[in-house]
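Consider the two complexes below, in which subunit A is the common component and subunit B and subunit C are the respective partners.
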Partner chain A sequence: MSWLIDPFADFAFMQRALLGCLAISLGATPVGVFLLLRRMSLTGDAMAHAILPGAAVGYLVAGLNLGAMTIGGVAAGLVVAVLTGAVARFTALREDASLAAFYLISLALGVLLVSLKGSNVDLMHVLFGTVLALDDAALTLLCAISTVTLVALALVYRPLVLECADPRFLRSVSGWSGPVHFLFLGLVVLNLVAGFQALGTLMAVGIMILPAAAARFWATSIGGMLAVAACVAAISSVAGLLASYHAGLPSGPAIILAAGTFYLLSLVFGPSGSLAARFWPRAHLEA
Partner chain B sequence: MALRVRDLTLGYDRHPAVHHLDLDLAGGSLTAIVGPNGAGKSTFLKGVMGELPPLEGRIERGAARVAYLPQLSEVDRSFPLSVQAFVAMGLWHRTGAFGGLSRADLSRVGEALAAVGLTGFERRPISALSGGQVQRVMFARLLLQDAGLILLDEPFTALDAKTAADLLAVVQRWHGEGRTVLAVLHDIEAVRRHFPQTLLLAREKVAHGPTDTVLTAENLFRARQMSEAFDDDANVCVRPDRQGAA
Partner chain C sequence: MLTRRLLLASAAAIAFAAPAFAQDKLNVIASFSILGDIVQNVGGDRVEVTTLVGPDGDAHVFQPAPADAQAVAGADVIVANGLGFEGWMDRLVEASGTKAAIITASEGVTPIAFGEEGHDHGHAEGEAHDHDHEHAEGEAHDHDHAKEEAGHDHGHEGHDHGAEDPHAWQSVINVALYVGNIERGLAAADPDGAETYAANAAAYLAELDALDSEIKAAIAALPENRRTIVTSHDAFGYFAAAYGLTFVAPQGVSTEAEASAQDVAALISQIRDAGIAAVFVENIADPRLLDQIATETGAKIGGTLYSDALSGPEGPAGTYLTMMRHNIGQLTGALSQ
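Presenting the complex of A and B:
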């Protein structure tokens, strides 16, 4: 058992990495579950691309500075989210097309700005994260975002579920439809920014979506999916960090691949809607 | 007055779907909206719900709460919700966005499900329901909304006779409770039997009043004639006589 415990007991950087990943697991996975249920799984990926230029601009202005990159990332993400939502609600264009348009503009702008200043190796940190080098400020930020996310989701749970399940009904009984949608997109942005501190912008979406997709094959209620997804993310974090430690693998991809393994196993063996249920069905019932 | 409509024009892309409509619905009336496809019936209900801003004219709703059953609902039936959780949404006016469901609320949900013949379906996921059961669930939710004005857009379409009869009984219960009900229907015979008032619509109002005076052969013929005109090059509508009508 020592291979399981010792890395975390002996090394402070492993403890910090574990705490950071658990914070992300708790905050990002419920967001991922609602993205999945709203058929917006790829929205997370597009948003991650939209955030990258903001973080890059922050980096260019202030160097490898957590505050500047966070503010830049959140600002870019929120601008794209608000513009996307506004265009979808007030014009004939659908949300997916609107988002594609704005994130591509944001990405091109970011690449342009970065190339004007010349590229830098440190920018790779933004792309691939630095989970093994999280400082106090970064850890505080991750835990704060996770807390804000959980509290916000608990508060707007009913309008959010209604906006997912029957948006037209929500519009007929209250004015919550618009606000809850924008609030949710804001949470997506916040959690992607949290994720890129640890896992990088490209990997941050993975910890959001893969556990949620795996959970779909185990649970048939929202509460069940939220619980399964958080557990999958937490276990993947531990497994990925251990693999990274013992085999000298880069930790971000190791964590996401652990979550991917969970997803593939769930896809084949999960009890509801999986390949097993499809191709090796159990005998049908009488009524 | 449950609903007062003055010189109302609703439409899409400047083309009117409801044209210069005046209408007064008495509180507690049970009215069917009849008319050919494309006559503006669903558009009118959308206008009353505020989903579609009027191009001209105005709508005054007398009821504090309005419940609405759209023809094409946007319910995501694959969403993992139980029948109980889904129907409980009808209690929004009691719970708001943040309030919890009390034991009394849950028993109200149970009563609403019993009223539509779905006792014991509380734990069933909405994805496992048949088309008729979904419509029963929608009616249970409408029951809980406790609204003064209830708008139904083709509520009995694609239902078997038993289900349609059960849900019609719910409509008549609302009528008995003094609620105002406005329902888009295509079954003229059912309208004659069960709906005291009728609005015959073909973009413009053809007739409104007691059903037997509205659903005459002559009026129905006029309604069929009126609804087909859609002209890409139509002129801007100017009606000087209507200017002050509001």
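Presenting the complex of A and C:
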């Protein structure tokens, strides 16, 4: 057992990394589950790219400053979300196409800014955060975003579930559809910014979507999926950090690959809707 | 490719070299910025010093350009460090067809083996650990080796060095030998100026002497238990030998973009177990990670040390004397409590 306990007992940076990952696991995975249920999984990826210019501007203004990069990232993400929603509602273009258009513009702008101004700084710092270097401020931010997300989701759980199941019904019986949609997009942006502090912009989407996708093969209810997804994310975090410690792998990719392994195993062996359930159905599943 | 460029360059050089001889000053080429500064101090007004590898340049990976071959062809004296530092120098001299006298500044220096300091120490520490540090240790060595290979790649073609540490100027005593060699070389090329060179050299030697005592005093003022540093520079062997600081190569840190938990843990264990007081690790590029390591170990994170090249004239290490003072300031700043 010492291989499991010692890394965390001996090194404060491992404890911090673990706490940060658990905070992200709790906050980002429910958002991922709802993205999945609303068939918006790729929206997370697009938003992650959209955040880049904001973080880049924050980085150029204040260096590797947590506050500046967070505010910049959230601002850029929200601008893209609002523009996308507005274009979808008021013009002929659908939401997916308008999101694709805005995130590509945003991404190009981000790369342009970083290359123009940051000739002697490493773009890698902006693209790849490191979970091994979480300081007090970053940890506080991660935990705060996680808490806000959980409270917000609890408050709008009902309309959000309805929106997943039958968006037209929600729109016909209440005026909550629009506000809930934007609040939800706001939570996506917040959690991506949190994940990007720890895992980098490109890896943050992974901890959001992969556990949710894996959970789909284990649970049929939304509550069940939320629980399974959070557990998968937490176990992947521990497994990834241990792999990074014992095998010398970079921590961010190790965590995401651990979640990816969970997904692939669930895809094949999960009890609900997986390959195993389809081709080798067990008696109790047929009932 | 390179050869062709050099041939073209030397052809051009022969055509354009003539005016260079017309100047009344002695045309001296120094291979890199630190040497250029020393030559300028000895030569004074009688020499025109050109450095091939300028400030902040890396002489290990220098690729001579046609203009360099031209400069070498027109030179009266060429000053090189020797000890295999400029692997490209022999070919450049040959290709340019220069008739200049060549001074090897490090002549008479007792060479030390490359990186022996860091490796020996690292081994002793590694075996005392209870974690699986043999592995991390092995990686650190591989990395060092790889770095040496990469750094000296260009030298290997026409040169067979590798075992000796060429960074002899990191000991002020050695630079006194450099000054003697340069003075004799300049006097041989320009007998009329011999007296000036001797006077300049004497004045500069006095300054070096003061610097040497200054460094010794600064180090003597440090507590005994705060004289070990982790640094990724492999250029401080002579400094360590002359002044009694211990430089240890960092374990693990080989990746710049994404460090693994193992890398960071290995470095932290090393700092804790060896009682290392300061860390000068420039190839961990992420300042957040360095801060984290500093908080966890209590070791101070040092600034920039200049080893192979001067900074620009505006920088903190514009001359050899200011470079050494800058380094000692950085070191004592991080090591004193």
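What we mean here is this: the second predicted complex is superposed on the first by the 276 of 287 C-alpha atoms of A that agree within 3 Å, B and C clash if a C-alpha of one lies under 4 Å from a C-alpha of the other, contacts with A are read in each partner's own complex, and residues count from 1 in each chain.
Please note the rule applied: a contact is a pair of C-beta atoms (placed from the backbone, for glycine too) under 8 Å apart; a residue touches a chain by one contact, two chains touch by 3 or more.
This is a predicted model, so every value here is computed, not measured.
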Which superposed partner A:L37 touches (first subunit B, second subunit C, both, neither): first
First (subunit B), second (subunit C), both or neither touched by A:G195: neither
Which superposed partner A:M225 touches (first subunit B, second subunit C, both, neither): first
Partner chain(s) touched by A:G20 [first = subunit B, second = subunit C, both, neither]: neither
Contacts of A:G85 with subunit B and subunit C, given as first, second, both or neither: neither
First (subunit B), second (subunit C), both or neither touched by A:L155: first
Subunit B versus subunit C, judged by how many residues of subunit A each one touches: C
Partner chain in contact with A:P167 - subunit B first, subunit C second, else both or neither: first
Residue ranges of subunit C in contact with subunit A within the complex: 131, 139, 252, 255-265, 268, 285-289, 291-293, 295-296
Contact footprint of subunit C on subunit A as seen in their complex: 6-7, 10-14, 16-17, 64, 122, 124-125, 128, 130, 132-135, 241, 244-254
Interface residues, subunit B side, partner subunit A - complex: 49, 51, 66-68, 70, 73-76, 79-82, 85-86, 89, 92-93, 95-98, 125, 141, 145
For the subunit A and subunit B complex, residues of the former touching the latter: 37, 155-156, 158-159, 161-162, 164-169, 171-174, 176, 219-222, 225
